[in-house]
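First subunit A sits with subunit B, and in the next complex the same chain sits with subunit C.
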Partner chain A sequence: MTVVARRARGATSGAGRLAVALLSPTFVVLALVVGYPLVAALRESVFREGTDLDESGFVVEGARFVGVDNYASVFAGESAVRFWNAFSNTTVFTVITVSLEVVIGVGMALVMHHALCWRGVVRASILVPWAVPTAVSALLWRWIFQADGVANSIIGQQVLWTTEGWQAKFAIILADVWKTAPFVGLLVLAGLQIIPNDVYEAARVDGASPWRQFWRITLPLVKPALLVAVLFRVLDALRMFDLPYVLIGPRKASAETLSMLAFEEAASLRFGPAAAYATLLFVYVAVTALVFVRLLGADVIGAARERAAKR
Partner chain B sequence: MSRILGVAAWFAGLLFFAPVAWMVLTSLHSEPDAATNPPSLAAPVTFDSYAEFFDSEPWPPLINSLSASVGSTVLVLLLAIPAAYALSIKKVEKWSDVLFFFLSTKMLPVVAGLLPIYLVAQYTGMLDNISFLVVLYTSMNLPIAVWLMRSFLAEVPGEILEAAALDGAGLVTTLRRVVAPVAMPGIAATSLICFIFSWNELLFARVLTGVVAGTAPVYLTGFVTSQGLFLAKVCAAAVVVSLPVLVAGFAAQDKLVQGLSLGAVK
Partner chain C sequence: MGVRTTALRATAALGVAVLLASCGSGGNDTGEQTGGALEGRGEITFATGKDTSNNMQKLVDEWNASHPNEQVRIIELPESADAQRQQMVQNAQVKSDAYTILNLDVVWTAEFAANRWVVELPTDQLGLDKFLEPAVKTAQYRDKLYAVPVYSDGGLLYYRKDLLDAAGVKPPKTWAELIAACQAVKPAQPAIGCYAGQFEKYEGLTVNFDEAVHSAGGDVVDASGKPVVDSPEAKAGLDALVTAFQQGVIPQKAITYKEEEGRRAFQAGELVFHRQWPYQWNLAGKTDGSSQVAGKFDVAPLPGIDGPGSSTLGGHNFAISAFGKNKATAVDFIKFFSGEAAQRSNLLATSQAPTLASLYDDAELIKQFPYLPMLKASILSAKPRPQAVKYGDVTQAIQEAAYAALTGEKTSEVALKELQAKLQELVK
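For the complex of A and B:
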């Protein structure tokens, strides 16, 4: 069927009504469960808890409307240094872990796809790191990276991995890539299934090398699945919290992420500033996602069908 | 060239499994053997740690986790497949905004959602209730499920949808008999992802559940806190909690690798 015919059918109002009907339950669930916390966080971010004196000198208890004060204090003095440090940590972790996960994940998917023997076991076992709950894997890596741990006995050095410095960042990146590369691998594996075998056969007849087949056929065809994986990994990595928290611990400048900042503030009952941090992180994630979708829009949002039609 | 790549792949694979292998190995040793560094391969194998773990009544949390994960995965599929189908049958520019709205729910840091959601649970009397976790996990996994299903359904050839329509197939029949078989790898991957995310979710479960509805990761962290110095026991507990995910992965992998090979169009 041609693209034009598809469009014409899709444009009928019957299909439109059906689409709305099919979408609405999902909308309702999301708006209820996710919309409220967002509004609550925004509201919280313009209030401040605690005992204070009002203009006329009376003692005021409880939450007080402070406007943009919470945001202003994020960018003032000490906390500005801390905020920008966490910001750069978050960004560095996201960029490095997601790039490594894409490379390793695609490799894993190819191994799972082409496994010659023990297919089921190979495919299931690649998921192992992801299957181990984060609470445990963070602990596992803490044992590995402790002063008299396995990491040090392998390299024969005495590196204090979980202290301030590059080594803490390295430990976090290694543990995160180890854990989430299988996620990318799984999605790419599913994407690989929709490539018909005859495409490869045609390429082989044409004498294309495996390397060329990979770049020209495999990669472009798994791109939709891969981009969704990357997008969701970026969203999760930007909000990274439990791994650095358990592995390195709170209030360490080398490992502190924006989520950890928000958590620390909330844990010390400063809900206003905590909500301000959370809102800033929300904005950061939203802008990143928007740029991602706009830049790669054609591939992420659709065009797959057109490509299929052309094929 | 390919030989070097092969060796590199093996090396990477070994490195990759080393932490898990170490965990399994440690769980099979007695406590004194588990504490040696580097871990000894020769120490006698014992299942004492597993026996002790199962003595500590881990069944309720494991069953809670299972119902939360299976329940939310089923719900997610029921909601996401029609939604994704809607997004792929009618392609309008505006749908990209719809998709972006689904994404927006993944933008708020989890720690910021904790308190408001706790208050909702308290207000509705759903604290320490597995159904609340089911709804929560469903909404947490919906965005990625819709996005994924959409990217897979977009690959369902238009011809077979049209053929189904000509044969007078209704929506449910089309989804069940035509779309689902072709999109099976996508459905398998999506359900596995939702299952794993819900099974491993810790932050919300820890805040929202207590004695009754506590999930396996919550139980596990409690176990780590109380038995943290006993490496073998903690490792045994971790292995047991990770096993269901592996079983699910093993069950899903078959469905994961059959797609257009069914020859739907030919």
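For the complex of A and C:
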């Protein structure tokens, strides 16, 4: 497939020029909406706002260039503890939620795929959580997890979910899995629908059990779609902000993520340090994405191409 | 570092490309930021939090009818206080003239004044001697006036009159009496919680912590603005709350309470005492079935360690943006809005505490709001939260320390010592 692609790319130079002309609006838009904020944030992260007061109590205005000071102070003293705590929270949330979402999402996709009757209803109801805005679902879950809430009356104990501790993490993970497993399910369902039926027929003729069919046929063939889903989810989960912020609240060590650190700084008008946090998060996300694509071979564009070729 | 850079900075940090548009609106850099001349008449805007009762609009309509050439337009900001502050700050940073009058929370005065985002106001023109003095103080920064207090607020001790009467005890004046009153009530009501305030990690915790410290005779920062929170008095105040949590005087779940969670608990009859703002009076008194305690409660001043306690001041002040146009109109409108007629109509419509002293002594109003004399006493003896330029950092430090002590993560001594060190860093 790559050979074909390469040959097509290196066609005539006239076609190349046309391609450049046709693509340039896209690049201009990308430069404006992706490139510019990125560069601006990087630039911002090496400045610091003046916060000193003059004799009559007024703030001395102006930002100073501080080089890598904003980054250095992230890793110094108390803020280092806070940063690494947020870093590990972010990582833990990402690993656990995405793993659970993959298992549950694949299950959901199979149910949606094989539903014989009420297909529309089954699919729609599975997708409802995904359609609810995150902040709203966080409010719903906060209501469930409050001291006199549904969660406590179901387990018959009073757990204070929104206080510091493992229970806060658990609440976030549960709410996040509830909300985004359908997303994984949706992408996997798309993958399932392009697996031709005759493969299964052949397997049945050969006497393969449903379990074996799932491991040997369904999973390998749905893998490209699944990997794309996982990649999207990982990138999304690393930026997690609204759910812990609304459900548990700001500045709680058990729930603080990297995005929340950047937000807190920006809300305190320290845009330099905020940009430094945001940049660090960006680097973390970018490295994760790169590793993911390299190691696991998640081929975002290739998967789409393959799918198109199969039709 | 001009208008553009600041705008870009805000944009970059938040990563919101949409904000780019606001660069354009930050047009005029006349650089005029001093309080001297409040000139110009014409249309103005009034940026405020949600107008839940619609009474603001009613008052603005009234004003507009009599001032055809000086129309006022309300700009409603988001409901959450943090989001309101952020929008106002962003507007100030790009020097936009979109907001003329700003409805500021009392704790924002120092930040907005020190950054020259609001202008100094002429004290002699505003008749401030008729206002409650503590409320006026919240509008000052370094002894200069930057805003006019329009809404005030003070904490009250709501108590279950029926239960106290049945047990034959009077409303408590001290913390020890409060605990004794609970013990007297307990035999008849074994499941009831004794006391709650606002203890979730948010601004309400700062309010409750300050009250505990002040009510024990301590201070967070002294009159000259120096942090003094590692005093024995402050420790006694914080310890009262910590012990109350440990002994179950405050129910465990109250650590998750903001105003509304606590109100629900009080209305469901789960609490004997509740520290709350005046707004609970109407809601808890509703007889439509939403409140189990209608007609069964009353209010008292907050209890202290040895004598009566001291509330934390709440409320809102109106200030004029340094970048707004038509400041003369703005001054007149603020006079109108803080005048007696407007404040009376506000109290009737929203039951928010007025800032004019005379309204608290008005027999007609007391008939409708029986708690007014109590509230006046509460506000007159109330203490402000630290008036710091970096108030956001100050309140976070306070919440950090208080929450750690209340949840038993740190002893109150360690928490206060760390808080003292942090405050010294922040209030330099």
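The rule we apply is simple: the second predicted complex is superposed on the first by the 259 of 311 C-alpha atoms of A that agree within 3 Å, B and C clash if a C-alpha of one lies under 4 Å from a C-alpha of the other, contacts with A are read in each partner's own complex, and residues count from 1 in each chain.
The rule we apply is simple: a residue touches a chain if its C-beta (ideal position, glycine included) is under 8 Å from a C-beta of that chain, and two chains touch if they have at least 3 such contacts.
Predicted model only: the values in this text are computed from it and were never measured.
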item: Which superposed partner A:147 touches (first subunit B, second subunit C, both, neither); value: second
item: Partner chain in contact with A:266 - subunit B first, subunit C second, else both or neither; value: both
item: First (subunit B), second (subunit C), both or neither touched by A:163; value: second
item: Subunit B versus subunit C as contact partner of A:47, first or second or both or neither; value: second
item: First (subunit B), second (subunit C), both or neither touched by A:80; value: neither
item: Contacts of A:251 with subunit B and subunit C, given as first, second, both or neither; value: second
item: Touching partner for A:183 - first (subunit B), second (subunit C), both, neither; value: first
item: Residue contacts on subunit A - larger count, subunit B or subunit C; value: B
item: Which superposed partner A:278 touches (first subunit B, second subunit C, both, neither); value: both
item: Subunit A residues contacted in one complex by subunit B, in the other by subunit C; value: 32-33, 36-37, 40-41, 148, 262, 266, 271, 274-275, 278
item: Contact footprint of subunit C on subunit A as seen in their complex; value: 32-33, 36-37, 40-41, 43-44, 47, 49, 51, 53, 56-59, 61-63, 146-148, 158, 160, 162-164, 249-252, 262, 265-269, 271, 274-275, 278
item: Parts of subunit B lying in touch with subunit A, wherever the complex brings them together; value: 9, 12, 16-17, 19-20, 22-23, 37-39, 79-80, 82-83, 85-92, 95-96, 98-117, 119-120, 135-136, 138-139, 142-144, 146-148, 151-152, 154-155, 157-159, 162, 171, 185-186, 188-189, 192-193, 196, 199-200, 202-203, 216-217, 220-221, 224, 231, 234, 238, 241-242, 245-246, 249-250, 253-254, 256-261
item: In the complex with subunit A, residue positions of subunit C that touch it; value: 1, 5, 8-15, 17, 82, 86, 89, 113-116, 141-142, 200-202, 252-253, 255-256, 261, 264-265, 389-390, 392-393, 396, 399-400, 407, 409, 428
item: Complex interface listing, subunit A residues touching subunit B; value: 1, 5-7, 9-11, 15-16, 18-23, 25-27, 29-30, 32-34, 36-38, 40-41, 104, 107, 111, 113, 119-121, 123-125, 127-137, 139-141, 143-144, 148-150, 153, 178, 183, 186-187, 189-191, 193-194, 196-197, 224-225, 228, 231-232, 235-236, 239, 241-242, 258-259, 262-263, 266, 271, 274-275, 278-279, 281-282, 285-286, 289-290, 293, 297, 301-302, 304-305, 308-309
